[in-house]
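Below, each structure is written out as structure tokens.
Two complexes come next, and they have one chain in common, subunit A, joined by subunit B in the first and subunit C in the second.
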Partner chain A sequence: MQFSNISKIAVVLVSLALLIAVPWIASDYFVMMCIRVMYFGMLTLSLCFLAGELGVVSLMQASFFGISGYFIAIMQTRYQIPFPIPPLVGIGVAVLFAALTGLLVIRARGIYFLMLTLVLGQLVWALASQWASVTRGDSGITDIFAPVIFGISTEKSKGAFYLFELFFFCAVIYFLAALKRSPFGLMLRGIRDSESRMAMLGYPVSLLRYMAFIFAAFVASIGGVFFAYFTGLINPHSVSLTTNVETLLSGILGGIQTLFGAILGTAILKILDLVLSGITQRYLLIMGVLFLITIMFAPRGAAGALKRLWDGFASRTLGSGSPAGGVSDDPFYEDTK
Partner chain B sequence: MKRKSWIIAITVILFFIGAIAGNAMALDEIRIGTIGPTTGWATIFGQGCLDGIKLALGEYNNEFNGIPIKVFSEDTKADVEVMRTKLDSLKNRDKVHLIIGPSLGHEGMAAVDWGARNPEVPMLIGYSAPEDITMRKATNSVIRPGWTGAQVIFNFGQYSAKDLGYKKVIIVGQDYSYPWDQAAGFIRGFLENGGEKVERIWHPVEAVDFSSIMAKLIAMSKEYDAVLNNSGGAQVVAFFKQWKQFGLDKVYPQILGQANVPIVSMLSELGDSAMGVYSSLHYYDGNPSGANKKFRESFKKKYGTYPDVIAVQGYDAVHVAFKAMKAINGQVDDSKKFIAALRQVKMSADESPRGPFYFDKFANPVQNIYIKKVVKKEGRLMNEAVKTYTEVSQFGPYADMADKYMAAPATTRDYPPGDKASYFMEIEKHFGKDYVEKLKKNNGWVD
Partner chain C sequence: MSLLVIMSLLNGLTLAALLFITASGLTLSFSLMRVVNLTHGALYMAGGFIGVSVIKVTGSWLLALLAGGSVMAILALLEEKFLLRWARGNDLIETLISLSVAIIIGDLVLVIWGGYPKSIEIPAMLNGVLTIPLINLVYPIFRIFMLGLSVLIIVALWLFLKKTNLGVTIRAGVDNFEMVSALGINVRRLFTVVFCLSGFLAGVAGVVGGTSMMLVVGEDWRILTLTLIVIIIGGMGSLGGTIVGALITGLIYSFATAYIPEFSLFILFLPVAIILSIRPHGLFGAKA
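Coming up: the complex of A and B.
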């Protein structure tokens, strides 16, 4: 609102340029951290999209993430199917799975949605660890190699992998942000706030929710592609409850109802984890305290806290032009009122 | 002229400083990274290994020929994605010369995959036991001074069939890949040496209520001779307790155990109910050798408890590394040389608490396997060796047909088959008719 369209575009371009420049200016180690944040970021994004737009918490997003990873692993290591078929099939199957499970879970609300997704998520996990002839059980599948794109091996060059992933990461964010702003997104918001009213107005409530669920699964499965390619392996842990809960925690830490919060939370969690564990063995304690502080003092997560800081700063420097109450916390969200 | 000589002098001095600095860089310190789960459910495996590593380094005063050794410890949380990231950290951030770890099965598989992509970092595997780390996936830079799941239990199957004289055995175990491998190794040893049938019962990994299984075992007792417990941790404790409660100790002889069942930390939990349990491993705590006594006493002094086989793994890894460093005069910067030296290491009975061992061409130890029995000695429960099989490789009795062994299908929860007829059909298919003939002629394996 305070920004004109031109300065907004300028900000986006500059930050994009900075992100693209990372492989040339930063160390391999830093690039690796960014890659990691991005694929887990996509997983968290899918969870936060559901939480923000449908108002439900899913504990099976990692299943979609893992399914695309597993399909890549199996097709590439067992049948030597060349890129780009495995990731496309992987994403396709994950979306199909979402279409099936969506039928089961989409009518549930609140805690029942949570429980249903938990059960389905654990089902996928059990399948991954028990169906050993296909998934190799707990040992998992290794030897997945990242593809060659435009003649550059993303397996050998971390920078190339980073750029490859960054492209899809930005596309996913754009996709979700556009979805939120579209009539579809507004309808979802209406359903979240008052389902009965939307139903009365003649909107196909269940269908809309169902589609949102599938979109979220689609985003998570893209994350899974990069996970499998970057780590070069997949095992049941990637679809386990731990992964699901960690995703939820990153969402809460960053601010679960916003896209920006999802990315921020993942970045904080994953980077802190790495940095702290190098310093002390008691790093989980520090993380725990951090969560406590977040939930007590910034219930809207780090993104919410940042937003509050920024608002305070803006109102002080720009005078009375402080934003009005009804503005969403989401930096990607443009108020349409 | 004057200026020219000045320039030369300065160049020479700079060159020297550079050379010295370069040298100083090389011999500054030896950096060792350790990796393993030190938080979460698997802490016992990661921490045990780490304790062993620290104990061994302490014996060398944390230095090698006056060069200090710096240890970087990383936690995997038993998650392979985290582990890969930490391995990258150790390599890129800390620039370690050697990595010791990991300790869990799936971690080991992921580590060897990482090793294949980063062949310039030597890695010593800790407690991880999947055979593929040093078999189908073996890579030059990954060396395992440990064990494979099947390696330690082949002979136990043989012992159960020949020495204990059992014909039909039930295996009850947790439903995941490590127990599957244990069962597979046992079945091979058992059926090829006169055993007739092995029935596998799998229960969920976290199960603690075995009442339905106990009822089943009672019903099966008419046909079967013995039960082998193939679980770990809390499940073993619960199983032993319910075994007594349901009165199965009156129906069957004492439980047989997979390799991990009667390890030191378990014995204190199981108490007298573990008396007489047979199992097999490449280490036993009652080993009277000097190396083992020294290891146990110094471990007890440092940490207050007696060590497990898990700590032996970390302890041995450090000693293997030091032996290799001695052989190459501490040139750990030359990773090719270092890796080659590591693979050459031969440990004697005076150097390792487990006894002598050396590496096969896949870098897995060829070592003694002990059939052990839990006894009470000086008021404490202890494992005593009742039989020792020397120089057992990871291929066990198939050492001279390793290729065929590796080409055979991978172990699953019900492969290889548990009854004699279909098992022999399988081995005839994969190991050839001659092998089956030989087995029949020798009435099993030749010791």
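Coming up: the complex of A and C.
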């Protein structure tokens, strides 16, 4: 893409201004939709970060999302601990859990990684569903109230909640974008493309992968905070395989390589969810079929298709830009055979 | 106290046998085709529900067993022929395809058989209890039959793999795939056979499991999780390891269900974590 730096900054500023203006110019319904897309978007971002930078597919990101949500719920409803502590502890515990599980999964690649994370995610789900004395089992914990910030109750005002979340959402995107551009991100991509070469050059390959896993869990757990506060309820569904697969589907729908794709995919799936829930109860069936079709026919997703269109357009009209022909259709860049 | 111990032991052994039957198909198809077939749990559940319907119509338990197995074999065949072959060679995409098929089958089962827990009726001749002498334990006859039948299936599978030509070819393919294909053996046919076989085994396990346990919504993912744990513990591609993994998983799960029901599944985190940190490829797994 051929943008100058100034026009890039202008685009970012204008879209930022539009995003901030949403509570004043859009309907409550739209604001609520944006809130949902943002917290699920953070979950998808964490999955896409791992897929894009490490080339692995994780089926346990929802566990970190749910763990922070559960800790907020338990600390707030059981022990009445005041605001800034529950989310901080929740995120902290989720990151600690990632540090523990990361030790187990980080040596695995490809389908081993997928299989291990699936099992670990299912074990977390089992804990949420069976440990009824703490998690209240399948019915979950209700009455989680959003905090008061600068004297404004985000529980009552959806616009305030939106702005509160938007701030962290933008921070997360900035964090991930900076991470991708930093030497750390470059090293990760080096590992993804040729692990043996990076190891030979003296980079601490396992440590870098481990850190990426923890960063991803951190992002997912921030999403979980807003999920718990906005819905006011947390139950085992939030850590279930269904949620994990939905996240993966969002990522693949939007295009797993880019941050923008993650958000786009989440928005597509959440709008679809909203439309379908009014018509049919067979959401899972439709999701499964959609997943199958996407993975078989468009594994690079909507963002990939858009980019290919743009590249084709750019190369035809401007005589520049690289057509995506050289890159394989595999969204995960697997080269470890 | 000892009664609960013995009950848990017998239940654990039955579960271990069931898990071995499902896991053996998974591990064979994995080592041959490098696909973790995540449809396996769904095939187990669908097979069990087909058993429920067949026994309602015909009243024959044996027919239910065969029908559950055969229909799942056909389903696995269709999945392999029309979906997985599409992405042959890209194991990650193949695995994700199998995941989406599992979701579709799981929801279709919900549409067809409804969300209420069901169980396959115990055949009349097996209904009753047996008093085990010496320890005076009363135990349902059919559960002992289940245990015997599962062991029989394991022995039959073992004989098939050790003695028949096809079985020997499959084992050879597991050990050295390139050599087998270089010898001019039809590899595609071999893939299809193994996939059918593993589908059949999953369906049969579903009928057996549906008789001794309940068939409920979500059972597909529970069985898949347990089966994957068996393989993680035992190591990919090793049938001996699968037996050890199934015994560890089945017994721990069964004892945990009896003594600490709130953690019955989560407790399996321990063996998985311990074994993965000592032997990343499982107890008997070769480095891939």
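The working rule: the second predicted complex is superposed on the first by the 290 of 337 C-alpha atoms of A that agree within 3 Å, B and C clash if a C-alpha of one lies under 4 Å from a C-alpha of the other, contacts with A are read in each partner's own complex, and residues count from 1 in each chain.
Criterion: a contact is a pair of C-beta atoms (placed from the backbone, for glycine too) under 8 Å apart; a residue touches a chain by one contact, two chains touch by 3 or more.
As the structure is a computational prediction, the values presented were derived from the model and not from experiment.
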Touch test for A:A171: subunit B only (first), subunit C only (second), both, or neither?
neither
Report for A:I111: first if it touches subunit B alone, second if subunit C alone, otherwise both or neither.
second
Is A:Q130 in contact with subunit B, with subunit C, with both, or with neither (first, second, both, neither)?
both
In the overlaid three-chain picture, which partner chain does A:S277 touch, first (subunit B) or second (subunit C), both, or neither?
first
Which partner does A:L18 reach: the first (subunit B), the second (subunit C), both, or neither?
neither
Could you tell me if A:M287 is touching subunit B, subunit C, both of them or neither one (first, second, both, neither)?
second
Looking at A:V119 after the superposition, I want to know if it touches subunit B, subunit C, both of them or none. Which is it: first, second, both, neither?
second
Looking only at subunit A, is it subunit B or subunit C that touches more of its residues?
C
Could you look at A:I295 and tell me whether it touches subunit B, subunit C, both or neither (first, second, both, neither)?
second
Which partner does A:T231 reach: the first (subunit B), the second (subunit C), both, or neither?
first
Touching subunit B in one complex and subunit C in the other: list those residues of subunit A.
130, 132-133, 242, 284
In the complex, subunit A residues that touch subunit B
27-29, 32, 36, 129-130, 132-133, 136-140, 142-143, 155, 227, 231-233, 235, 237-238, 242, 273-274, 277-278, 281, 283-284
Taking the touch rule as given, give the residues of subunit C at its contact with subunit A in the complex, in rising order.
34-36, 38, 83, 86-87, 90-93, 95-97, 99-104, 106-108, 110-111, 221, 225, 228-229, 231-232, 261-266, 268-269, 272-273, 276-277, 280, 288
Complex interface listing, subunit A residues touching subunit C:
57, 103-104, 107-108, 110-112, 114-116, 118-120, 122-124, 126-127, 130-133, 241-242, 245, 248, 282, 284-285, 287-289, 291-292, 295-296, 299, 330, 332, 334
In their complex, what parts of subunit B are in touch with subunit A?
38-39, 72-75, 78-82, 84-86, 88-89, 92-93, 105-106, 109-110, 112-114, 116-117, 130, 132, 137, 175-178, 180, 410, 412-413
